[in-house]
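In what follows, structures are represented as structure tokens.
Note that chain A is present in both complexes that follow, paired respectively with chain B and with chain C.
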Partner chain A sequence: MSATRFPADLAALAPLRDLVKQRADAAGLSTSRGYRLMLAVDEVATNIVLHGYQENGLEGHLDVSVEVTEDNELVVCLEDDAVAFDPRSLEGPDAEDLSIPLEERDEGGLGIMLAMDGVDRFDYERVGERNRNTFAVRLKE
Partner chain B sequence: MAINVSECQAVKVIAVDGSIDGKTAPEVQGEILPAVAGIDRVILDLSQVDYMSSAGLRMLLTLYRQFQARKGRIALVGVSEEIQDVMSHTGFIGFFALADTLEEAVALLEGTS
Partner chain C sequence: MKVTATQEGSVTIVAIEGKIDTDTCDDVEAALLAHINKGAKRLVIDLADVTYVSSAGLRAVLIVGKKIKSLQGKMAFCTLRPVIWDVFEASGFTSILTVCETRDGALAFCQG
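And then the complex of A and B:
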């Protein structure tokens, strides 16, 4: 599986989304599910660039690969060399938090919630010195 | 990403063209906030916005709080189905007046519809 390399910079978000969208379309994913997958990858990539790399004074890359597996899943794999971070460790807002009026709302955690809710399966692994975030959506039989 | 400021029936209209993500949201916010300083009604035309991440939601939250503080109102026009889904999922949608056209947005802000 060959990966596409992007600089760990917020300017890479748009081309990264384009890649995911193009592959989702090619795999026959519906517009709305393709959008949610693209959003999920974008939110996690944004976190990696801002909190994994920039806050720690690091520069590096995002390596992205997209494939359709034998189990008929579209799988996006996002790897980086930033500090270890498992997005699942962030506690996103729950239903009660989301019912709070906007003027009193804590704005944190929305991105990670959208990422986790936007795919059928999300996995994180630390592989050697790398972070690997995996996003999977089921394709129709 | 581009911002265009105009008026519709004496209500200021701010049209955004492009994607609102972690990179562009601070830029969009930096242009919108000075444009809405001191006014109590605004229409945000998002019909040319094809993508909005949580960074865009945080921008909307900042705008909402400013308008709320001065008893103002914000109407959003042309929000795509995908972005509406995200706003609904995050509990944002009920806090904004949503319209399909500028005229409808003006009517909503004036409380006539």
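And then the complex of A and C:
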């Protein structure tokens, strides 16, 4: 599986999204599910760039690979060398939080919720000195 | 990303074009707040030409929405593409904000 390397920089997020979208379209994923997959990868990648690299004064890369598995899943694998961080450890808003009226509504926390909610499966593992985030969506039989 | 404003009576119609992501959210927020600071209290935000909104954009929407609310103003979004509507819905925005299918619907809400 070959990976595409992007600098860990906010300016790299648009081309990273384009890559995911292109591969999702090629795999036959619907527009709406392709969008949610692209959004999920963007949200996690944004976190890695801002909190994994920049906040720690680090520079590095994001390595992205996209493949269709034998189980007919489209799998995006996002790897980085920043500090260890499992996005699942962030507590996002629940259904009750989402219905809080505008004036009292917390402004943050939506990104990881949208990411987790937008794919069929999300996995995180620390592999050696690297973080590996895996996003999977089922393709139609 | 591009922001264009037109005035329709007491309502300011702001059409946004492009992507509202980590890179552009501050500009979108600043452009909308600038209209509010100049006295706009009734805002229609037309998203017909917005192709992408991430959580950074949603955060800007909440900040602007709170500002309008604190001024007892009115704000309505309109003409969202289906993928954008989906993200607004998943974030609870379709129940805490006014989101209309047409620009006329949004205009009528803000004029009321």
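Everything that follows uses one rule, which is that the second predicted complex is superposed on the first by the 141 of 141 C-alpha atoms of A that agree within 3 Å, B and C clash if a C-alpha of one lies under 4 Å from a C-alpha of the other, contacts with A are read in each partner's own complex, and residues count from 1 in each chain.
We take it that contacts are C-beta pairs under 8 Å (C-beta built on N, C-alpha and C of every residue); 3 or more make two chains touch, one makes a residue touch a chain.
Keep in mind it's a predicted model, so treat the numbers as computed, not measured.
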{"item": "Partners on chain A (chain B, chain C) - clash or fit", "value": "clash"}
{"item": "Touched partner set for A:P87, first chain B, second chain C, both or neither", "value": "neither"}
{"item": "Which of chain B and chain C A:L102 touches, first, second, both or neither", "value": "both"}
{"item": "Partner chain in contact with A:G52 - chain B first, chain C second, else both or neither", "value": "neither"}
{"item": "Shared chain A surface residues [contacts with chain B and with chain C]", "value": "10-11, 13-14, 17, 31-32, 35-36, 39, 42-43, 46, 50, 93, 98-103, 105, 107, 110-111, 113-114, 117"}
{"item": "Of all residues in chain A, those that touch chain B in their complex", "value": "10-11, 13-14, 17, 31-32, 35-36, 38-39, 42-43, 46, 49-50, 93, 98-103, 105, 107, 110-111, 113-114, 117"}
{"item": "Of chain C, residues touching chain A in the complex", "value": "19, 21-23, 52, 54-56, 58-59, 62-63, 65-66, 69-70, 82-83, 86-87, 90-92, 95-97"}
{"item": "Chain A contact footprint on chain B (complex, rising order)", "value": "19, 21-23, 51, 53-55, 57-58, 61, 64-65, 68, 81-82, 85-86, 89-92, 95"}
{"item": "Interfacial residue positions of chain A with respect to chain C in the complex", "value": "10-11, 13-14, 17, 31-32, 35-36, 39, 42-43, 46, 50, 93, 97-103, 105, 107-108, 110-111, 113-114, 117-118"}
